[in-house]
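Presented below is the structure to which this report refers.
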Amino acid sequence: MNPVMELGDYLWMTFAAFLTLATFSFLYKDNPLYKIAEHLVVGVSAGYFVIILYYGSLKTQLVEKLYDGQMVYLIPLILGVLMWTRFSKKLAWVSRYPIAIYIGIATGLAIPLEMQTKVTEQLQAMMVELHWGNLFDGGLLNYTNSFASLIIIIGSLAALIYFYFSKEHKGWFGGVATVGIWTLMLGFGASFGFTVMARISLLINRVQFLDQWRITSVGSAHQEGSGSYTAVYILILVGIFGLLAFDLIRTKGKTDTDLT
Amino acid sequence: MKRQIPLALVFIFGWLMLALYFIPLEGAQKVNENMLDWTSIIGIFALALGIWSLITVNLDRIKHKKRDWQYSFITLFGLFGMIIFGLKFGGENSMFQGQESYMFRHFFNDILIPIYSTMFSLLAFFIASAAYRAFRARSALASILLIGAIIVMIRFFPFVAEYTRPVADWILNVPNLAAKRAIWMGVGLGIVATGLKVILGIERAYMGRD
Amino acid sequence: MSNNSNKGFFDRVMLLDRRWVFLVLAVVVVSTYYIPMNVPVPASREVQTIFDAIEGLEEGQKILLAIDYDPNALAELHPMTYVIMEQCFRKKVGVIITSLSQNGPGMAEQAILDIVDSTALPKTYNGVSYPGREIVNGVDYAFLGYRAYFELVITGMGQNFRTFFSRDYYDVLLDSLPIMKDVQNYDDIEMVIDISGSNVVDAWIKYAAARYDVKLALGLTGVMTADYYPYLGSGRVFGLMGGLLGAAEYERLADNPGLAMDGMKVQVWAHLTIIAFIIIANIGYFGSHKKRGL
């Protein structure tokens, strides 16, 4: 990213920074600035999709081919237009024809590959030779040794048994199911740990963007004025955080309970 | 007419696609190719329905002055603004250069990206608050989840990474893999079963009522 | 402390206004961004395999880079796209880019424009000096853009890319692009790298990797990553980059530090804060229960 940019681009970037802060203001409470941002993004996103859909799909896949005289493309065109009968109460049933074709094709396409990737290949991956002699080859935490394979086999089967509700989880069956739920919990824990990192990443990205905006502002200003830009940036941040803290102390006791 | 033909269509096209999966003949693949192309064209018209309903819902809100109706103008402004700036006509010197035009790019880069990504970054705060409110070591099972999560969380910390990283990698590649494998197998069997029910006409929810 | 005030303390911990939690996290994230720290990011096996696979490609070979995410996942996935695209451009590996997510083409275009600028400058990575060079659309890369219904598109591309993409994103006929001259379908590219923040990744696994036996590696958001280890185990995907850490590991391997490595120092402090929250809340929970004799 270039710290010195054209004025027009800089103004756009400043607008983006403003929208970022406007969206953050929701954390304090819902307010008109946030609502504006929220409604704007819905519209812009849908408008973007219209353009992408037309120039990306419709134009090249259908319109051009019809212009070229490939009249067989009238068939998908007609079937597609039939979708719009949904708007009529009387004719809505006609839209079932194209929907049925789509569902038939999508389902037929998916069935064998769902079976292959999610079931048979997963079973295949568990059919490994176990070396009982050196179970812990490469150390306890080596996840390619026979011990790891054994844990994966036991864990997967036990977790599958946990999901089997047609037999009561009692006796040996209940014992295996318990191993299954322990395995699942470790899996969910790993997912949660990853999720925390994911959410924080989103926040860090916005901080990086605002800092980039600060650097750009400094770069666009005169050399001698650059220090004061950074000072203003810090002052704004401290001001926002300070005001929030002050307000939280002031309204002590009135905790908000609308969300956790 | 209303129910039998759609059921027949699902049955025919479902089996056809299944059959084409197993037939490696060139002619069959050509049929396959065209069917994919056509189906996606049909689908595009369904996507247009979504855009249309966004417009009508917002116009309706303005017309009946429902709660926050003023904001609907902003949604419509964004929608039509983006569409107009994304149009392509008038040759090389025109302002309308489609997806490459100045305004279209800036609307995406400086309106869509900052708002959209900031809205999702609010989740960072909500997960912190959820961790504070809900993450309790109430039972042995909850404690296992907590321990798994914390080891994965601290796997890249300076000073401790040397010890936590191998443990976290082991958790991810062994128990986590086992757990997720069981879940995927369940999901896979479920999808296959539902899919067969759809093709055979036992599952008909996609047709709606009447 | 008397029994009463003690009980009050634990209860107050339990009922803390969530906006305090927000404020503390915000202050931590913003302030620690300016504190330099070195975070160790040794590459895990699943990231190393992706790097090695791309590093092993030769000039003129081609990969397909699928940019299937919207701005909500840009924080984690943009760094992956940037570092892989630059690595390919520097090594003169052809990159065919598709984008099957609704707002994906804009993300792809932003990445392409930035990396074309960056590759114009001379740089040294892992001790190898690369002169700056001009990246030409249609020669060094092709940007095919978006088509609706990704499962159909991915399946169709297995027969011929032109089934769905007769023209590229810039409305140019695919047949007139030099990079696409000898490319019919997946057989003519070395691998697919899917950087995804949604279920498009499942379609790549099923309809490309399984159906046409394409070599596939994934770059995923942190939320999704842990769920995709079984595919690594079954060998259906050969590599997996997860979240900002995965991106940072790749940046370190490629010797091209970017936003991911820059962000990892904040991750440490933010994670510490959240762990502290969990501990405090648990102390409050057990404290208040003990006092009530539960």
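Going by the order they are written in, the chains are A, B and C; count residues from 1 in each one.
Everything that follows uses one rule, which is that a contact is a pair of C-beta atoms (placed from the backbone, for glycine too) under 8 Å apart; a residue touches a chain by one contact, two chains touch by 3 or more.
Since this is a predicted model, take the numbers as computed values, not measurements.
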Category of the chain touch graph - line, ring, star, complete, other: complete
Identifier of the chain whose CA centre is least distant from the whole-structure CA centre: A
Chain A and chain C: spacing of chain centres that average the CA atoms, whole Å: 11
Centroid spacing, where centroids are CA-atom means, of chain A and chain B in whole angstrom: 8
Averaged-CA centre spacing for the pair chain C and chain B, given as whole angstrom: 17
Chain B: positions in contact with at least two other chains: 21, 36-37, 39-40, 43-44, 47, 98-99, 108-109, 112-113, 116-117, 119-121, 124-125, 127, 129, 131, 133, 146, 150, 153, 155, 169, 172-173, 176-177, 180-181, 183-184
Per-residue multi-chain contacts in chain C, two or more chains: 16, 18, 22, 25-26, 29, 72, 74-75, 103, 105-106, 147-148, 152, 155, 164, 169, 171, 211, 226-227, 230, 233, 245, 267, 270-271, 274
Numbers and ranges of chain A residues touching at least 2 other chains: 27, 45, 48-49, 52-53, 55, 57, 61, 105-106, 109-110, 113-114, 117, 122, 125, 152, 187, 190-191, 194-197, 199-200, 202-203, 205-206, 259-260
Partner chain A, residues of chain B touching it in the complex: 1-3, 5-7, 9-18, 21-22, 35-49, 51, 54, 68, 71-72, 74-83, 86-88, 98-99, 104, 106-127, 129-131, 133-134, 141, 144-153, 155, 166-189, 191-192, 195-196, 198-199, 206-208, 210
List of chain C residues in touch with chain B within their complex: 16, 18, 21-22, 25-26, 29, 37-42, 44-45, 70-75, 103, 105-106, 109-110, 147-149, 152-153, 155-156, 159-160, 163-164, 169-171, 211, 226-230, 232-233, 245, 264, 267-268, 270-275, 277-278, 280-282, 285
Interfacial residue positions of chain C with respect to chain A in the complex: 15-20, 22-23, 25-27, 29-30, 33, 72, 74-76, 102-103, 105-106, 114, 145-148, 151-152, 155, 164-167, 169, 171, 205-207, 209-211, 221-223, 225-227, 230-231, 233-236, 242-245, 259, 262-263, 266-267, 270-271, 274
Chain A residues touching chain C - in the complex, by the definition given at the top: 1, 27-28, 45, 48-49, 52-53, 55-57, 60-61, 64, 105-106, 109-110, 113-114, 116-117, 121-122, 124-125, 152, 187, 190-191, 194-208, 211, 237, 241, 244-245, 248, 255-256, 259-260
List of chain B residues in touch with chain C within their complex: 21, 29, 32-33, 36-37, 39-40, 43-44, 47, 98-100, 105, 108-109, 112-113, 116-117, 119-121, 124-125, 127-129, 131-133, 135-137, 146, 150, 153-158, 161, 165, 169, 172-173, 176-177, 180-181, 183-184
